[in-house]
Amino acid sequence: MELSSIIEHLAQRYVDLNEGVKPDYIPELNGVDGRKFGIGLREISGSYLGFGDHGEKFSIQSIVKVLSLTLAYKRLGEDLWKRVGIEPSGSAFNSLVLLEQEQGVPRNPFINAGALVVADVLVGLYEDPEQAFLDFIRGLCGDQGIYFDENIAASEKAHGHLNAALTHFMKSFGNIRNEQNKVLDFYFKICSIKMTCRELATTFLMFANNGVQPLTGEEVMSSSMTKRVNAIMLLCGFYNEAGEFAFRVGLPAKSGVGGGIIAIHPERYSIAVWSPLLNDKGNSLRGFRFLEDFTTATSSIF
Amino acid sequence: MELSSIIEHLAQRYVDLNEGVKPDYIPELNGVDGRKFGIGLREISGSYLGFGDHGEKFSIQSIVKVLSLTLAYKRLGEDLWKRVGIEPSGSAFNSLVLLEQEQGVPRNPFINAGALVVADVLVGLYEDPEQAFLDFIRGLCGDQGIYFDENIAASEKAHGHLNAALTHFMKSFGNIRNEQNKVLDFYFKICSIKMTCRELATTFLMFANNGVQPLTGEEVMSSSMTKRVNAIMLLCGFYNEAGEFAFRVGLPAKSGVGGGIIAIHPERYSIAVWSPLLNDKGNSLRGFRFLEDFTTATSSIF
Amino acid sequence: MELSSIIEHLAQRYVDLNEGVKPDYIPELNGVDGRKFGIGLREISGSYLGFGDHGEKFSIQSIVKVLSLTLAYKRLGEDLWKRVGIEPSGSAFNSLVLLEQEQGVPRNPFINAGALVVADVLVGLYEDPEQAFLDFIRGLCGDQGIYFDENIAASEKAHGHLNAALTHFMKSFGNIRNEQNKVLDFYFKICSIKMTCRELATTFLMFANNGVQPLTGEEVMSSSMTKRVNAIMLLCGFYNEAGEFAFRVGLPAKSGVGGGIIAIHPERYSIAVWSPLLNDKGNSLRGFRFLEDFTTATSSIF
Amino acid sequence: MELSSIIEHLAQRYVDLNEGVKPDYIPELNGVDGRKFGIGLREISGSYLGFGDHGEKFSIQSIVKVLSLTLAYKRLGEDLWKRVGIEPSGSAFNSLVLLEQEQGVPRNPFINAGALVVADVLVGLYEDPEQAFLDFIRGLCGDQGIYFDENIAASEKAHGHLNAALTHFMKSFGNIRNEQNKVLDFYFKICSIKMTCRELATTFLMFANNGVQPLTGEEVMSSSMTKRVNAIMLLCGFYNEAGEFAFRVGLPAKSGVGGGIIAIHPERYSIAVWSPLLNDKGNSLRGFRFLEDFTTATSSIF
């Protein structure tokens, strides 16, 4: 069966599924229609398959952490790992506990503390980090129409006391080096980016293609570094549901609280799913189930 | 280049490496010659490549946890996950802490607490669990010459107060159901098994072949269950060095304190490495480095 | 107003109070009539005041930890503190966590882990520790009619997996030195002792009198050691309700899950209260409230 | 022997003691002469005894937490305990861990998190909290010459990322209600107050006299509330050395990182000791030892 038929067929199972909740702390995310459901798959050949609301922009939220990590890793190389680890954190609950035990060095770049360190790295590297980051993503995506959503960024900052706490806490250990408000502003800005499933699948295609964006031929990262980012996604991309996701889906992936999930099948494709209602671990409920069925039908990497 | 040449070539780099330490708490492991170095790789076609001390028996220790998990999962199916989780534990340190938070349900089947629950399952399923387990392994390996090392089992039991503590602790939550000494005896017995690299690679070949042992054609587990065990190996096989291992090697694997490592390249091969000197996380130092070079040279799954 | 009138007057407030729960894991404690209510106060002059069920025996449970600590401290002196600390544990929840952090040295002698270390000390000091302990208490109380309740001890042992876990865990750190079953048996035995309010107040009178049992004139401990045991009672006697108790009652005290509380007003009196229904922290609900009123009416040490 | 002779006699033992370290993170505290040693004792009769540098001002630091607690408790009454607990925290290490477990309600008012909540209460109660607080202390002390040290406050704020982290963290739980910088500024200001041993002993005399400042006859708090503050001092005044201090000294007390200790003997006296070199728990080394000898010689409350 063709991939397009499989997607169509499996997606139908979930079109009417209405379970899950939207995040209540950000009005802009809470206001999104819970019935939205989009899927975009791009093969490394370049061919693209879309389903449902795949052309509608949504807030990618934590999915952006893979891209900020990629830019920082590309620039700093292995020195980056002096400031952030690559081990699963075990549990959401532990983030602060572990940070205390480990003297301000976060477990991995996808828990909030780790993403804040990565943001601090980028703030230190660029004179205009926001512009540099937009340029980087626009290049990957081949689209100049990627912007920050200032409303979402402002709204998250207003509720961002936990991230402010993490930043100050790491600054007390010397692992945040720039002025904390600059780091937090940058962090909230990049989390506010909105993309479509199509844009997301295109942007992440390099992770399925050994670091080369196949549409442009640009080598963004070496094959070895790309594998490493994929490994971090597989182990840490779903917080304390990482094991469950690897167990059921078996692909490197990253989720965001906006209901998006990006997953990578190395040497084959990248796939983006969007459905705003979340399960009790904060990951897209319908997205997770669809991807489980999809990789069962098409075979995952394990 | 042929796999055999690659193995030969890369192994030479490490033949004289003499770093690392042997475990000091078990005389039988401490007495092993630290210079031993063996490699055995078996492809799913059945062809086998050996290097160095690949024909010498060593204590497989925690590597056995994959096999006891496999037998219990095969028998109980998904019900097994009511009694043990599939999430990385985050850190060695946390095992007891997490066990308390999570009311006696261990994080995953490879930390000691989880392996004790799996042992309890097997003790409950079989009248003679030791014989049943030997039969299972002998069947996988195609070799009747697999035995428990009673000296090692006795020595570990004598120093096994931490495992006894875990067992009693889980019994207080009702998650150990058989008499604690029976469970502990069985656990120490199975950890005492000795195998060669060749036997180990053969035994684990089914994990590279969707659950079918290619040498006999027997379907030990379904393809889907096999992928899941591989996912657990990838996320949890190296305790709090799981991220580092996935990052550098990129294969599902499991290590033992006897200096063995088994790794799986799905749809290609299983590889066993043995070198008794351990790094500071308790994993074979030379084994880890060799596997990193080997998968870099031959490409890993990510 | 006379102390006897105050006791009578305040006790009347609570005679009909029927709140709280009995422990459900020990049949012998669960079977006790929840309406029981006894008070016994002995002044250092020797004069005694009793109220209600003050002549009825009940299971003193953890109250005994003060007496086992006293005997061990008397024998070992300040060396005892190499094996057990004197800091409040912060919370019930943390006991196992802290024990892991602190390498098997319990926070204080009143959490279970600490009391097990004290039991281990006594098991190591005496050929027949049970007899030696009975002799010690009988001497303090001036009464040969103090016995272990073998049924309660057996019942607690059968449910004692958490204590067995703690014992094995500390043995793994070398802080339990005798055979674990001997230590556990001794521990469950001494916790099973039954006494009346009258006997309890008499036994503890030495803590109000600088270490001298006023009825016999025997100096059990030095004044300085006695003050120290009183300090530990004040800081650690009520687990994670120690602050609340010090705040409301202001006296060194120890509670037991059998519903007993002993409190000490240095240089004035000892008071025992018994009422089997417990609050949500496991301390006698009526006992706590009565003592709060009583020390408010008569002034506590702060 | 007269108290004055005892003080003189015991102080001589320690005059030449030069052990301990000064805090290195605040230049103003680090620059103080480590040989300074002052003692001031005021009896409830009003008579005063001074020794050594008792007339020299030093930074009282965390000792002020008792005074801010007193003002907040006086104003809010028992409602205060909805926002901060009264249990010992167990350990310095745990402060952040416990705060996470307990949803932003600090263990007690003397750990930093608790003192920040108390500061938040005062910031919410007064239009000019700094002036109100100075007025309160000046009234207790009978001296208009009490000021904030703006240099120390600024220096601490510059290094205050941990306190900023705690404030943001509690704000994320809704337990800091005013703008965080206002709370932090007020907190650093009150910690910067400088007093002499004489002023300190005078200010705290009310805690030895049931809430009445004997020099003026003013009832600052009720007897019952005063006892409660004393109980909190006894259980929580020395962080994770609280047990040790109660054990050795046996008085309600509070220490500051500036090397000051205030201790209360209810119904007899208040005593302030100042010696800038600290032990490994951050409490004045010489102050602690002197107080141990002093209460041994004069008898403490237990």
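Points to keep in mind about this one:
As written, the chain order gives the labels A, B, C and D, with residue 1 at the start of each chain.
Note that a residue touches a chain if its C-beta (ideal position, glycine included) is under 8 Å from a C-beta of that chain, and two chains touch if they have at least 3 such contacts.
Just so it is clear, the structure is predicted and the values come from calculations on it, not from any experiment.
The minimal number of chain-to-chain contact steps leading from subunit B to subunit D is 2.
Rounded to a whole number, the gap between the C-alpha centres of subunit C and subunit D is 32 angstrom. The distance from the centre of subunit A to the centre of subunit D, with each centre set as the mean of the Cα atoms, comes to 48 Å. Shown for subunit D are the residues in touch with two or more other chains, namely 93.
Taken pair by pair, the chains that touch are A-B, A-D, B-C, C-D. Listed in rising order, the residues of subunit C touching subunit B in the complex are 93, 96-97, 100, 161-162, 164-169, 171-172. Residues 85-91, 93-94, 98, 101, 107-108, 224, 226-228, 230-232, 234-236, 240-244, 246-248, 250, 252, 266, 296, 300-302 of subunit C are the ones touching subunit D in the complex.
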